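Letters A, B, C, D, E and F mark the chains as written, and numbering starts fresh at 1 in each.
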Amino acid sequence: MKSTRLITLLGLLATPFSVLAGNEGLSGANTAWILTATALVLFMTIPGLSLFYAGLVRAKNVLSVLMQCFSLTCLMSLLWLIIGYSLAFADGNDWVGGLSKVMFAGIGEDTLSGDIPETLFATFQMTFAVITPALMVGAFAERMKFSAMLIFSAIWMLVVYAPVTHWVWGGGWLANLGLLDFAGGTVVHITAGAGALVAALVIGNRKGFPGTPMLPHNLTLTVTGAGMLWVGWFGFNAGSALAANGDAAMAMLVTHISASAGALTWMTVEWVRFGKPSVLGIVTGMVAGLGTITPASGFVGPAGALVIGISAGIVCFYMTQLIKRKFKIDDSLDVFPVHGVGGILGTLLAGVFASTELGLFSGQGFLKEEITSIGQQLSVQATGVAATFVYTAVVTFVILKIIDAVLGLRVEEETEISGLDLAEHEERGYSL
Amino acid sequence: MKSTRLITLLGLLATPFSVLAGNEGLSGANTAWILTATALVLFMTIPGLSLFYAGLVRAKNVLSVLMQCFSLTCLMSLLWLIIGYSLAFADGNDWVGGLSKVMFAGIGEDTLSGDIPETLFATFQMTFAVITPALMVGAFAERMKFSAMLIFSAIWMLVVYAPVTHWVWGGGWLANLGLLDFAGGTVVHITAGAGALVAALVIGNRKGFPGTPMLPHNLTLTVTGAGMLWVGWFGFNAGSALAANGDAAMAMLVTHISASAGALTWMTVEWVRFGKPSVLGIVTGMVAGLGTITPASGFVGPAGALVIGISAGIVCFYMTQLIKRKFKIDDSLDVFPVHGVGGILGTLLAGVFASTELGLFSGQGFLKEEITSIGQQLSVQATGVAATFVYTAVVTFVILKIIDAVLGLRVEEETEISGLDLAEHEERGYSL
Amino acid sequence: MKSTRLITLLGLLATPFSVLAGNEGLSGANTAWILTATALVLFMTIPGLSLFYAGLVRAKNVLSVLMQCFSLTCLMSLLWLIIGYSLAFADGNDWVGGLSKVMFAGIGEDTLSGDIPETLFATFQMTFAVITPALMVGAFAERMKFSAMLIFSAIWMLVVYAPVTHWVWGGGWLANLGLLDFAGGTVVHITAGAGALVAALVIGNRKGFPGTPMLPHNLTLTVTGAGMLWVGWFGFNAGSALAANGDAAMAMLVTHISASAGALTWMTVEWVRFGKPSVLGIVTGMVAGLGTITPASGFVGPAGALVIGISAGIVCFYMTQLIKRKFKIDDSLDVFPVHGVGGILGTLLAGVFASTELGLFSGQGFLKEEITSIGQQLSVQATGVAATFVYTAVVTFVILKIIDAVLGLRVEEETEISGLDLAEHEERGYSL
Amino acid sequence: MKMVTAIIKPFKLDDVRAALSELGVAGMTISEVKGFGRQKGHTELYRGAEYVIDFVPKLKLELVVSEDRVDQVVEAIIENTRSGKVGDGKIFITSVDQVVRIRTGETDEDAI
Amino acid sequence: MKMVTAIIKPFKLDDVRAALSELGVAGMTISEVKGFGRQKGHTELYRGAEYVIDFVPKLKLELVVSEDRVDQVVEAIIENTRSGKVGDGKIFITSVDQVVRIRTGETDEDAI
Amino acid sequence: MKMVTAIIKPFKLDDVRAALSELGVAGMTISEVKGFGRQKGHTELYRGAEYVIDFVPKLKLELVVSEDRVDQVVEAIIENTRSGKVGDGKIFITSVDQVVRIRTGETDEDAI
């Protein structure tokens, strides 16, 4: 039975392009679940992530963050239709997909990908292409020009996100190596995290950082967004099974466990260190737990997930401190230490807890038959992590430098002081 | 295969009343998806639309808008159970359904409608009957008496919404003509839009309009509601396939594309005209894109959806200007220019982009075999638009005039000044 | 056919532990719907219930409520994994489950419970174990120590919630008696309600209660949460069918009808008594309607649901008055009069409206063959209500007294005055 | 110079500002305040109970003007806020020793 | 007439109002303000860092009273706000030249 | 004693506070206010129309100081808020008859 699942997974994830006529071969059940999962992943970005981030900035920038997330949702969707999906999932080489699926060419209502409609698979993946750039918004919040942000994200999605997706899920070289990334530890979280770190460095700190406290203006928004992210993540991870079956159910369970464990761990660390558990702490730990379980979610069991969640809470907490307090890098909403580090940690731990030989902590086994030990799998995982990180960081740096030269990345100082909402969008968040 | 789909669609939409014993004939997969879709469409109204609207009014009226949407949800649901569903979907004549399904008579757990339980079909449709009157709340916000609003909406649902639904989806004359309205361009958006326009005219402008700026009091609510609307609309449009299959998937995709395109278009027009892109602009464009794709969503492909979305962004933008700035009609939250105009535009464009002869821009074909050209289909579409608009406008006018005479439509001037929350509901939105 | 359903239900609810290899026996459609339902029930707590409650407290305590709900979500989930599920659902005796499923031992990806994965059943149930203690937060809001709250809830879940679940759904004595509790009238609402009442009594009134008005600080949050609760409740009740079929659809319909009826009834009572209908009133009536239909949702028809909803609106309204105004018990957010009383009322009415002999008001029949009259069923229902109430009340009292002695239940007076957000969590909700 | 402090009903602001503009008085500082006085507050419903909220939202306008304009200004405010109903508000006049315009350092009359 | 301006801790308001009512002083205007002074602010946690927020939320009460009532009023305020802890607040007394009740045009003592 | 009331741009607060602290002036009460004056407001977009919002958010600082410190304090405020652009703000100086510290009952200079 394990091998059946392996084949299904490989079939679904890596080369989902068999075309059948009519509804033959279509699984209504799987289609029902992925329709739902697609809605859930969209829900993660709008309004989930948008609110999560919006609450964390100062009141004068609340709309700018909402606007950035919303406009990215729209822009990435159109780019995905036009060319992104093709670059990621059309037949191509080891590095990037071809152009055969530009404008979803050849994909009709009856075209299948595995046993679901290919339009559905492509739309599901579209929601991933939406949230990944949106995650980076947290890094350069409160100071990046709206126009520069749009251009940067558009290019980034095409030259970073789409190719990396091809490497891992589109039949590219990391897929061939046997990398375990169930729902996007490398594809989504490492790319977003590395991109965020570089963006924070290139754009520079907010005026006043780190001296002036820049506290969240509305934590009710953030906690609302956090709840939505958690719920939506069920679609992200359990949807990545591309089926309504035991895989999906287990993915949902381990996702939930890791979120809970990450949250409680972060809260506990804070409680011990500062004497108080904070609500921002607990929700941040949740995001860390979710980001970290993502690559592992189809491969591990609940006890493994518990360990993964706890590790996420501890490691991401200390990385946040390190980046912001020690290195004084203004990755404003901590995208790298939470998502990037979570993605790295999770991708590595997937290589451990997927093993079937850990007793209570066992998972469902590795994907590739040649890989028989944790060590072997770990080296594949490390390769995936390193390649994704380095590629993303370098390309992000280049894109940003070019845009900076041509257009400028950062708003005027006066705009930063008065707030982006009025200066960039001529609107105010609240008039109560 | 096209004809199979045609038959299925007709079977499902127009005469969904075959009764089978037991679970024979029931599709679990389709049931799973429509259960979900029903939840999604309810989610569009509460809290989606409610928040979208609530953020746009002034702080003193925020609860009145929430209360109107919420109470309509409850009242329309009960009316639908008691008689609305029967008027819309029971066997009847060309104009209205009969009384055989009053109180869901004869509908048990095992009664099917197509291959899903009829209780489910009826509940799914209930959520449409809920959101349609709720959309009109935007037209008369900040000044209509709560009691008058309830009575108006109740009568309107029974004499406007239910019959028009019968015309289009219940086997009535527009269904017989071969009108393409997949998810409610005529049934929902044109009726709500026309009703809104008439209501704004009959009730009159808010005190101070158009001189005094009446700016949104909390755009975070509006953007939150916008995200919820988008997500929920997946249930609305893809749910209208009444199945978890390629139709549903394609409907979801084109819905998403049109929303994205409408949003970016509105934003761009604003950017060009005023030098700034606003967050209210982008979310309004999204609603325009969604309203416009609604009738077309089961018939067109992604390239068609792109054109539809772009048209929606441009046309609805200028119509908003026209109605409010030029004609100085205080359709307060722009229900007519966004939903009404979107519904008209989309119903017409469905007649174009459903055609299978537009190359890249082709759709899935027309419903009726006799219709072979875009021109023919367009004339059916225009008939549907005109009939729905005129019928709705006239009947809405009459209902409002009668209620005005008997009870009065509008709150006292003093209430309008101090705000409806305190005067009508003895509550305040915020005490921070 | 009725007997088929009976057997299915019993099979699914009471002894869901058949183990099959592979995907044989798995229903993809049912799995798809329960994956969705699980997401919906989680959504009820975060952010649904959290926001509902958060809006009702004063601004200085908004985060404390959000924090309590969020941390309970995490903690209950881990406890459920570790031992709670086993106590509730593993083979055991009449009173409590055994330890064979500690840490989900023996539950793999392919283990089934009925025709869905057991991991899914266990995760679905996990979301119930999360929301039940979270409901009690409303009783002791604005004054309970965070640490004491965590400890209390943890113990309570293990010694109250898990065993009662075993009684009713895990094959325990109430299941054997033939108690009708489809989705948690006894298991969730009576336990939470009774626990809340006792907690309010043991912890004592808020400083200033009942003289000082302690008004909601942000009703937009509450109404948002209300909408989410309604939508999520579809997962709660229709998900409890554990299948995507006519049972689920009927459960969704009656849930919706009862919510609508409860809401409109509460609003009407208020309108008559105070001359104004309030938005808090209508949403509270909705919760009452939903809580009350919960135990009955799989057994009654829409006309029965209408009566149940109306009764809920009236009875819960007057009980709220009684508890707070007459007895001056500061069950701060009215958990007992709404959920507890609703659960009792609904459990009793399920015994009436499940009957197939009430004409228009008929339901789907009783579960147990030996039970043939409403009277017989009612006495079973009353037994269930009484046993659950008394057991919960006594055990809750004991737990609280012990924690009070060891650690203290209540924050310092100064903390209560300045607000729990700053004192317990060093954060402020808003800085606008 | 004098400080004219007026407590008014919020919705009268636009009229007052228009009238003051006509007088050539453009500078003003406004705060949102809660007023207690003869005017009754309102009741609020909360789950089946009614509470009396006894404050009334008001605006406080503060204008520094030269002594010779005080009467004009007071007149203009009264004209545009008087409805004859309880709660129309109050005007307080106090003396200001010195005024400085930060931008230029100008003082007193020049600084207003 | 005098303006009595009191800066107090917010939760003392009800007691103060009750005491003033007994004195027959019903009119008052209140603003929410931020106080800086000897009283320390609080710390706030933000993702693993603690920040000191140095203002304290206070209420500013403004009452115009006739001169002979000033002492009574000040007394009443002190009595109901003094806890002996840092941050109890301040009272400032200033002179008011003129008072007008907008509704009636009454001035000075009659207008209070 | 004098009350120094300064209307300033909000983002200047930190600098002003630092400067005043150096002078040994720690006590202060701050309100958020809306300013009208020579400085233009901003425009806001609303569904295809632009509106001019003519107030500007400002902070009002109120400091009671002994007479001999007034000049120093005014100087410090000006230094830290002057940018030379319209809207830098105003300072008003008024007389205070009496000051009481509620906690101790100390009055006047001792109470500041």
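Here is the rule we use: a residue touches a chain if its C-beta (ideal position, glycine included) is under 8 Å from a C-beta of that chain, and two chains touch if they have at least 3 such contacts.
Every value quoted in this text rests on a predicted model; they were computed, and no experiment measured them.
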Minimum number of chain-to-chain touching steps separating subunit C from subunit F: 2
Other chains in touch with both subunit B and subunit F: A, D
Chains contacting each of subunit D and subunit F, listed by label: B, E
Proportion of interface numbers common to subunit E and subunit F (over half same, under half different): different
Distance between the centres, which are taken as Cα means, of subunit C and subunit A, whole angstrom: 33
Whole-Å separation of chain centres (CA-atom averages), subunit B against subunit D: 46
Inter-chain centre distance, subunit D versus subunit E - centres from mean C-alpha coordinates, in Å: 18
Per-residue multi-chain contacts in subunit B, two or more chains: 27-29, 32-33, 36, 215-216, 218, 224, 244, 274, 276, 278, 280, 425-428, 430, 432
Residue list for subunit F, restricted to those that touch at least two other chains: 31, 44-46, 50, 94-95
Pairs of chains found to touch, sorted by chain label: A-B, A-C, A-E, A-F, B-C, B-D, B-F, C-D, C-E, D-E, D-F, E-F
Parts of subunit A lying in touch with subunit B, wherever the complex brings them together: 21-23, 26-29, 31-33, 35-36, 38-39, 42-43, 45-48, 50-51, 54, 62-63, 66-67, 70-71, 73-75, 77-78, 81, 103-104, 108-111, 116-117, 119-120, 122-123, 126, 146, 218, 221, 224, 244, 424-432
Of subunit A, residues touching subunit C in the complex: 1, 4-5, 27-30, 32-33, 36, 40, 59, 215-220, 223-224, 226-228, 230-231, 234-235, 238, 243-250, 252-253, 256-257, 259-261, 263-264, 267, 274, 276-280, 282-283, 286, 301-303, 306, 360, 364, 430, 432
Complex interface listing, subunit E residues touching subunit F: 2, 6-8, 31-38, 55, 58, 60, 74, 77-78, 81-95
Subunit F contact footprint on subunit B (complex, rising order): 213, 215-216, 270, 273-274, 276, 278, 280-281, 284, 317, 320-321, 324-325, 334
Residue ranges of subunit C in contact with subunit E within the complex: 212, 417-418, 422, 425-428
